[in-house]
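Alright, structures below, take your time with them.
Same chain, two partners: subunit A is paired with subunit B first, then with subunit C.
Now for the complex of A and B:
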């Protein structure tokens, strides 16, 4: 297995190189130099600072040299400093990651908690009224734009009923409350964004679980289990579910870019200080170092997610785990 | 399924093309004295903050959103099919390089890449179309490549090679026609997601720019008037939902019909 994983890991290197080339290319699509925009829009930047920036980013050098020096610094985790406030990009990103991770993590828990039983039940009763109802709802859920649901939920729970806070992660003055009240305040702020984020991917996951479960249920060993007279619950949850969830591991790895992308939209709507919001603000103010940093990090996270999914898959599937020894 | 998808999409296309007849009001005409009027007889869907008729804006917005959706998918399909055909047919290092490119593109949260590119190139409708198209071809390229790889082993392709047909002829006369079903399914589903991306970008203020109406930028006004003017949030979202549902139903219906 070690060799398989090593090969997987090595194959990530050219992909990562490609990623950096694409990011570099996108950044240089813009007419003019990146520094022009900053210096033109911001009168506070002096000519001296502009020259300093040009020198710092080596913008006076040929493109391939610029790429190489940027690439080298990126490998070291040095993404430069933000054009807006001069703070290191890596610090700016790191302080935003927990919020995005928290919301997506909680949303993922809800998604798995709902979609797995739903998909299993609907596959177990294939063709029944329940199955049709679930399929119908999945189709509806799949077509609903997440940001629209976010707005409707804000309007209904936040504005009309005034039950839940509509923006941010804490109420005014919450930092002076005792810890449990602060946690309560935080969770009240999290309900809407997490709920909306979970809703967005629920339909897709339910569909995957159902399809994957149906595949497994058609296999011989399930028929054997049933023929042995095992209770249906044991067949479904002990025998079938484990194998049906294997493909889901890969899907989880593949879903990272989608999750990060989604966070741009609902972090803007709910005014949450996460990575998505940082990216949006940076794009709006043309903060190139931050944009490039987040793009590199986002893509690297995806690569890592895929690698972890491969590892998890290999650990879970004995055919891969023992494959090489035979 | 196919039929209900066609009906949903057809109704929206009809509404968009008959916009001037369905709603007499000018979608751009500002009448501040009629700002934020509830849906009524004279304004069936109400008006926005500037007193513009929402029905008109929705119908003209449909033109914009559908145009962006369909043409962007056209671009994505063209790129995806070409890359898939080339990679699948030539194989070897060409295939390796192109599939690596697919891997690379799939690693980006596409909305990040699109946001950055649109912001730098400027949010014109043409740029939107090209950028959405250029970030949405990867799935199709993989699909076409896989399709070509299996078709290549079939006897009729080998026969064509034996009688000396040129690679171009084999690609476009023999391989492509046999792969149209999955391509069409994928393109149909793609229109829905392209429209979703366009509306999300317009909602964030980076897509179609006001005063040109698009469902996404009407939703931005809905956000600004949350709790005051529910119609500005409800109707454009419903329209996006309607079209995506239509595309998904049609795509899934075609998939089942052709068993791809």
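Now for the complex of A and C:
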């Protein structure tokens, strides 16, 4: 198994290199330069000053040279400094990760906690009114744009009822409160973003659980379990669910990059300082080092997530063990 | 000049004066109380708080409260001393002598002196410092520190915008002497001389500034100003209604249609005044169609600017007649916008040889129909709508317009810089110093320069040179009035409208008033009566 894993891991390296080359090329093909945000239609900037800026950032060198010097630095773990504010890219990314991870992690927990029982119950009562009602509801969540639900929720809970704060993660002066009050303040700020984020993704997970549950429920061993006279609860949760969750492992593996990815629209609406906004801002200001840093991180996580899903799959399902080919 | 402002500004000023007077009477006995915080909502996050590198408006907003220049503009757009107590212009503008204010201290307690100014200047002209503000300072031939509070700046030739360029924020030498300005920790922890001290920056969330008790013009009444970064226009507005922020700017739609509820007017006061900028329809003057002045004048007559202001800005704007803001001394108020007159436009086009010979509704000349593509940038709703109104009005006089909306960078680099356009719909943001040399002078037509429409008029060139060489404000005003008149007559661009700034501020703040320079110039005098204060943040 070890050797197969190693081989799989090594096969990721050329893929990863390919990704960085493509990203670098596409980024530089897009019109505009990082200096634009300072110099564009700014009457005070002379032409010489503009050229000087381009030179300072090394943007006058041939593209392959820029790529190679970027690549060498990245190998040493140095993502460089942002063109926009001169801060190290790694610091900029690290300070944004906790917020995105917190929200997406909490949302994922809620999604799993709600969609697994929903999926199981829907499958158990396939075709019933309950099944249709759940299907209808989760598809509303899936179909309606998140930003719209978010704005409605903000207007209702934040402005009209004034129960919850509208945006941000802490109230003014919250840092001067004792720790438990600060946690309370944080949770009040988290309710809407986490709730809205979870609502939109319920459909996918609960549908997956329902579908694979239905598959499993048609298997012979379930019929055997029922024939033995086991209570329906035991049949569903002890015998069927374990096997039905296998496909979910793959989806979870694929959702790892999403945990850190963050969504621009979502983070902008709730004014959360997360990864999505960092990425969007850096794209808009053509902040190459930050864009490269985030995309490389995303690519690495995606590839790693795939690998992890493969491993987890092998561990969970004896039929797909590595290195045991007949 | 200042007596002859537009009626609108008069009305606003008069009305503000009345309300200010009214509140002053009502609270005659109350002394302004200290305390409370002003929470502003801002779409963008500052990039750096090193003043000479700050180029975005969010960075500039913060730097404006933390730092001072040698000079500043007062409420009526006149230059007055800031860190400089006074100055003398000598040798016909070749030399400026600055006498600095004594006893000013940096926020860390160290004294401010002329060497800080010299240091800031050296950094401005240092080619390794990526500052966008070098242009104005490259004209300085020498800067001498005569003593701790006296400076002599010499220029290679007289340069009228010189004085206003010294509004550049001054940086502390003792903290930045051997630092790389792009990476120094100063950019997220600035020390200035201004009315507010930098306190804390929570990335992506907010910046907190605390009153400077030793400010040389007196301590601000407010304890704090806090900038909350809320990158979404809709959320900003919801947060305002939930009173999570006290101050922000409204869109015309919000101003006219969404803020007249009793609940909103009870808590907030809306303001409107002309912004420093204008939108225009620019022609590529290298294109033979647009080289005929009659054609350009006809297009000006065929477009109903009032209609654009009604439809696009919901009435919150004014017609533009030239390159200067209405509040500026450079603006000639006697220049009247020509009335909307499609018949006269048609006659002018006819005299220029454009007529509809084949009866298809589109004018033609020598078999070529009169049609052009109008480019504008994506993401600016007002411009997209204005383009559509222009399209319909020009169609009515027989000119076929196609609209193409492009991403900002693509528009700028692939079309404007390469002069590959027929007409554009864009805007200019204006400085307090009116010198428009870079936009209209015939030497500024290279790639990446600002006269991209390719305007060239020897008389205008001469006026522009004179306007920046002469330091006498009366002479400059005369020069710029003439320039204004020529530009309106020649119509190198069709001046469209000046949008209004639409700030909204919580009613508990007193002393808020609109002046020609806008709002907030007297922030250190704003206060909240003690029984209405909202935030009691410990210091």
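Everything that follows uses one rule, which is that the second predicted complex is superposed on the first by the 278 of 326 C-alpha atoms of A that agree within 3 Å, B and C clash if a C-alpha of one lies under 4 Å from a C-alpha of the other, contacts with A are read in each partner's own complex, and residues count from 1 in each chain.
Here, a residue touches a chain if its C-beta (ideal position, glycine included) is under 8 Å from a C-beta of that chain, and two chains touch if they have at least 3 such contacts.
Here the structure is a predicted model, which means the values were calculated and not measured.
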item: Partner chain(s) touched by A:10 [first = subunit B, second = subunit C, both, neither]; value: neither
item: Which superposed partner A:268 touches (first subunit B, second subunit C, both, neither); value: both
item: Contacts of A:155 with subunit B and subunit C, given as first, second, both or neither; value: both
item: Contacts of A:179 with subunit B and subunit C, given as first, second, both or neither; value: neither
item: Partner chain in contact with A:165 - subunit B first, subunit C second, else both or neither; value: second
item: Touched partner set for A:227, first subunit B, second subunit C, both or neither; value: neither
item: Touched partner set for A:86, first subunit B, second subunit C, both or neither; value: second
item: Those residues of subunit A which subunit B touches in one complex and subunit C touches in the other; value: 30, 151, 154-155, 158-159, 268-269, 286
item: Residue ranges of subunit B touching subunit A (in the complex, touch as defined); value: 100-101, 103-113, 115-117, 119-121, 192, 196, 199-200, 203-204, 206, 219, 222-223, 226-227, 230, 233-234, 236-237, 240-241, 244-245, 248-249, 252
item: In the complex, subunit C residues that touch subunit A; value: 37, 39, 45, 47-48, 55-56, 127-128, 130-136, 138, 182-183, 187-188, 202-206, 226, 228-232, 234-235, 238-239, 241-242, 244, 407-410, 412-414, 426, 428, 431, 436, 438-439, 446, 448-450, 535, 537-538
item: Sites on subunit A touched by subunit B in the complex; value: 14-15, 18-19, 22, 26-27, 29-30, 139-140, 142-145, 147-148, 151-152, 154-155, 158-160, 254, 256-262, 264-265, 268-269, 279-280, 283-284, 286, 291, 294-295, 298-299, 302-303
item: Subunit C-touching residues of subunit A, taken from the complex the two chains share; value: 30-32, 36-47, 49-50, 52-53, 56-57, 81, 84-87, 95-96, 99, 151, 154-155, 158-159, 162, 165-170, 172-173, 176, 268-274, 277-278, 281, 286
